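Each chain gets a letter, A, B and C, in the order it is written, and its residues are counted from 1.
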Amino acid sequence: MSDTHSNTVAYVRDTMLPQTEPPLTEKGALKWLRENLFSGWLNTGLTLIALFIIWQALMAVGPWLLNSVWNAGSLRECRDILDGATGACFAVIVDRWHQLLFGFYPRHLYWRPVLALVLLFVALSPVLFPSLPRRLLTFTAIYPFLAYHLLWGGSVWLPIGAALGFVVGALAYIGLKRVNNLLAVFGAVLAPVLWWLVLAGPFDSTMSAVLPWGLEFVRSDRFGGFLISLVIGISGISLSLPLGILLALGRQSDMIFIKSVCVVFIEFIRGVPLITLLFTASLLLNFFLPPGTSFDLILRVIIMVTLFASAYMAEVVRGGLAALPKGQYEAADALGLDYWKAQRLIIMPQALKISIPGIVNTFIGLFKDTTLVVFIGLLDPIGLSNAIRASTDWNGIYWELFIFIGLLFFIFCFGMSRYSLYLERKLKRDHR
Amino acid sequence: MKKTVFVGTFAATALVAGLANAQSTLEQVIDRGELICGSNTGQVGFGAPDADGVWQGFDVGFCRAVAAAIFDDPMAVSFVPLTSQTRFSALASGEVDVLSRNTTWTFVRDVDLQFNFAGINYYDGQGFMVKSDLGVGSAMELDGATVCIETGTTTELNLADFFRVNGMSYEPVPVDTAAEAQQQYLAGACDVYTTDVSALASSRASFATPSDHTILPEVVSKEPLGPAVRHGDDNWYDIIKWTLMALVAAEELGVTSENVAELAEGSDVPEINRLLGVEGGFGAMLGLDNEWAARAIAAVGNYGELFANTIGDNSPIGLERGMNALFADGGMMYAMPFR
Amino acid sequence: MSSKTDPRQTASVPAKSSFTLSMLLYDQRYRSITIQIFALFVLMLGVAWLIDNVSSNLQLLGRTFGFGFLSQSAGYDINQRLIEYDSTMTHGRAALVGFLNTVVLAILGCILATVIGVVAGVLRLSSNWIVSRLVGFYVEIFRNIPTLIWILIFGAIMAEGMPAPSAFRGETPTAFMLFDAVAITNRGVFVPSILFATELGTVNLGLISPSLNWLLIIAVLLASFYAARALVSHANRVQNATGVRPTTWWKILALIFVPISVVFIALGAHLQLPELRGFNFAGGLHLRNSFIAMWLGLGIYTGAFIAEIVRGGILAISKGQTEAAYALGLQPGRTMRLVILPQALRVIIPPLISQYLNLTKNTSLGLAVGYMDLRSTLGGITINQTGRELEGMMLLMLIYLALSLTISALMNVYNNRVKLKER
């Protein structure tokens, strides 16, 4: 039957035809255009509207941006240079960028906040990229004290004394653990508190007298601009993490009293605007402290922001806990681990890993919310833009400052949200 | 009774600005090594940081004079920028030692909020600024106008009273800061910008073409501005009050920043001698040393010099002395006798 | 140590053993009680410490704690007021005006954000390259820049970018009203308002006295919607019973529009157009710059977040659902309405609630552009004029808390209705 064809059909093609070019409308840019932009009347309409919007935006902003002045000492000079034409006056950024970034931080010390920021990434890297050696975590633990010293300066013994408190606590725990477990926990809490209250002060003063090491002290009212946003945002989020974990655990606890306290706290904080908490920090905190006590406004704001963020953090961690399969809890129980061991070794490492995107998103939100400190008179970027506009040179400038501030926020937040997306995708892969 | 509060952070001891105690304000200031002065968040001429973050201005200059009187260093001041909303709480809570931020001396602030005003360093009044091409010549023609106003100030209350009493209507546009108010006014979002005449003048001076704007003749309120301290520390109140007096007295007596060093050697005018600490030992009575006033004057000049350098003839703002001239020159500035 | 936490172990331990004091610490059954009592003790101690501090601080400042300041005369004017108010009325009244402004802004903001968010969320999934990119740009740029900056920018656009009222004047005006009815100026937007020839008067509810006209209109509208819903469910019943759905669309339209039109005509409703008078436009409804800036700023900012939520919700529904619906012969529109949306809503609603809450809380940024909301009146000027920070802030927090809890309660009711009923 192999020759059937030869008998029935006169001619059979036994080679492939050479490929011909697809029709003009079915290839290249045209096809892409047709399929992506003009595939129907609705799509065509949308495309035209979108093009119109882009065109309008370009026409409105383009000439203004292209015609910008970068070198001038004041808005008046800018206007003279432009001579009636529309144009941006980015000279204000050139003139004042250091204020928008660092506030009134002494100019010769700019390397300190910059170094602190660079080291932050080093400290974060073992958390962000699990492939790095675990030993880097030691640096992460040291970092808060280092950053404090870099930013504020003063005697080097103060942060060392504070850090030693944790060492004392750990030593007390290890020492007392042989005697009694419960005692060890008490010791671990009590010993550092005693250290800080009683011994840290003398330690600081004696060591400073013996070895007066330290960087130049910078008062916190010299802080401003993005420096203040970053300091508040980063310390708020890192301090709120442990608090948030405790709140989340408390909310899941069987102990009805602990649970209700946590729920009330979380719902209260989430129910009021941040601005009222900031006003509490600036106007009311002094009412709640012993008469005559007051401490630094930035510290008060950090405390309030920490409380604020911890409520949101608690919800994020709770989500992480809920997402964990029940089997994990049961496996921990089956291994005979007690509550804290189970949390430390089994539950939290997994729950926190799931929560990282949520934590990053909370941080982005918090970082953006640090702009609200302008309402209590802290000179964050917006506050400084007001101060700059109040000077005789730059009175009347507006858009350039907001564009610069917005751009910086955008770069920062966009970067972080990309990272959080990357994490989410990675987590999805891990779970498959 | 020294109380310490465990703040729970490693930073506590360093960041704690003033731990509680029964120390007098002066002792606290000396211990701290600097004066903390509540200032404006940014008002040209009165108090604003320059490009290097150094605070400049009339109210700022007064704080520098106090710092010079205490420390012999006019730069030993840190300035806490306060909005009109946060200023009184900051003073009441002890966050600042003195509030020098164009604050009007009123009954409620003095009695109910419990502050002491150390005197008046600027006699002001609330006025209105309009664009010249609007063709308005009097505040009585403002019926139906849109008015930009800073919230949380006495001007807000005066404005409401003024329009109600005169049976006119208006549309208030409340704004948070002076910079914002100017922006709104320049953009035409309001017809009228109202605030203290001094601030109006300083704003007007900073506009691109000041002649396009008119400050209307009506002054609708009395706004005596002055530095304020908390109730409860009379010695501190005296220091602030008499530093102000010393600056005014120096102008009355012809003591300037140039000749103060020479006059402090001794002169044949007894009041100058008492002022500059050659006679009388007045500084010691305040808890300072006797050259306190001489140092304050050397640092910022007498009242007239301070005025001229920050908001008067020698500055871009160019305010007239007007009511703030010395009493002898037909104004209202008058120092109590140093005796 | 395992006996401490394992609950099942407790059940197996015989409960007979006599009680000793050490069991308070070591026995799982009693330890949690010990801890809780200890925590209660610490909490009470803390609260007592705070209250003690507050009272001694107040004493030191010579102040008393009380809300009497709310009945003092306020002395300041508020530009946007939904109820009658002038500067001679009390601080309490001013706070109420501010509260209503907050509520109006929150409601209108949520509506705007939802509309923008849903449209943008759907468009971002569009196959149209340029549209999805443009929407993506919108979402990213708004999500990553603080809302305060957006509010300020919109405020600046209104104040700087729009023509002054005087531009509408003269022989050759440089600006024109839209449809002769809407004037967009740098003082705000003036839109026509509805006036009635017949006023039915007002009812006095103590704090507020709403106009009877509007109450009647709302009542008629509610009744119409209720009737329309009854009609639809009737149609559903008929369809279930007979398989044939009666035509309802024109009946529904008639039910909704006819009664309300009758009421409007009976009351002699007419539009009042804004017109130039004196310094400014008069007549019509004046949407101030501060309101527009807040509304657009919050609405568009939150809309970007909602767009992401909507996109996520639609993407979360597996493609199989659409294919199954097509296989059943449902048309694309019905697939969307009957299959995709009900499922997507379940994913969308919970994060949507938190966005609504965020928006409501963000209305407190009003002061930045001078919007006289609760925070600017009670929490701003009133506190500043009376010096009652403690009472004012407490009141402010309580009101915001109540508002937040109300919104989440309402939305949770809705969420429970659309939620998947697990059986």
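Definition applied: a residue touches a chain if its C-beta (ideal position, glycine included) is under 8 Å from a C-beta of that chain, and two chains touch if they have at least 3 such contacts.
Every value quoted in this text rests on a predicted model; they were computed, and no experiment measured them.
Ranking all chains by how far their C-alpha centres lie from the centre of chain C, first place goes to B.
If you compare B-C with A-C, the chain pair joined by more contacting C-beta pairs is A-C. Centroids built from CA atoms put chain B at 39 Å from chain A. Here the CA centre of chain B is 42 Å from the CA centre of chain C.
For the pair chain A and chain C, the distance between C-alpha centroids works out to 27 Å. Touching of two or more other chains is recorded for residues 85, 89, 176, 183 of chain B.
Within chain A, contacts with two or more other chains are made by residues 283, 286, 289-291, 375, 398. Shared interface positions of chain C, i.e. residues touching 2 or more other chains, are given as 156, 160, 367-368, 383, 389.
Across the complex, chain A meets chain B through its residues 75-76, 79, 95-96, 99, 103-104, 107, 144-145, 148, 152, 154, 158-159, 162-163, 165, 193, 196-197, 200-201, 204, 219-222, 239, 282-283, 286, 289-299, 375-377, 379, 383, 386-387, 389-393, 395-396, 398. Only residues 84-85, 88-89, 92, 108, 112-114, 143-146, 151-152, 156-157, 159-161, 163-164, 170-176, 183-184, 187-191, 231 of chain B touch chain C when the two sit together in their complex. Across the complex, chain C is touched by residues 32, 35-37, 39, 43, 46-47, 50-51, 53-54, 181-182, 254-258, 261, 267-268, 270-276, 279-280, 283-284, 286-291, 333, 336-339, 342, 364, 368-369, 371-372, 374-375, 382, 398-399, 402, 405-406, 409-410, 413-414, 417 of chain A.
Listing the residues of chain C that touch chain A in their complex gives 1-2, 4-6, 25, 32, 35-36, 39-40, 43, 50, 53-54, 56-58, 60, 123, 126-131, 134, 140-141, 143-149, 152-153, 156, 160, 357, 361-362, 364-365, 367-368, 375, 379, 383, 389-390, 393, 396-397, 400-401, 404-405. Note for the complex: chain C touches chain B at residues 61-62, 75-79, 86-88, 156, 158-160, 164, 186-187, 277-280, 282, 288-290, 367-368, 370, 372, 376, 380-381, 383-385, 387, 389.
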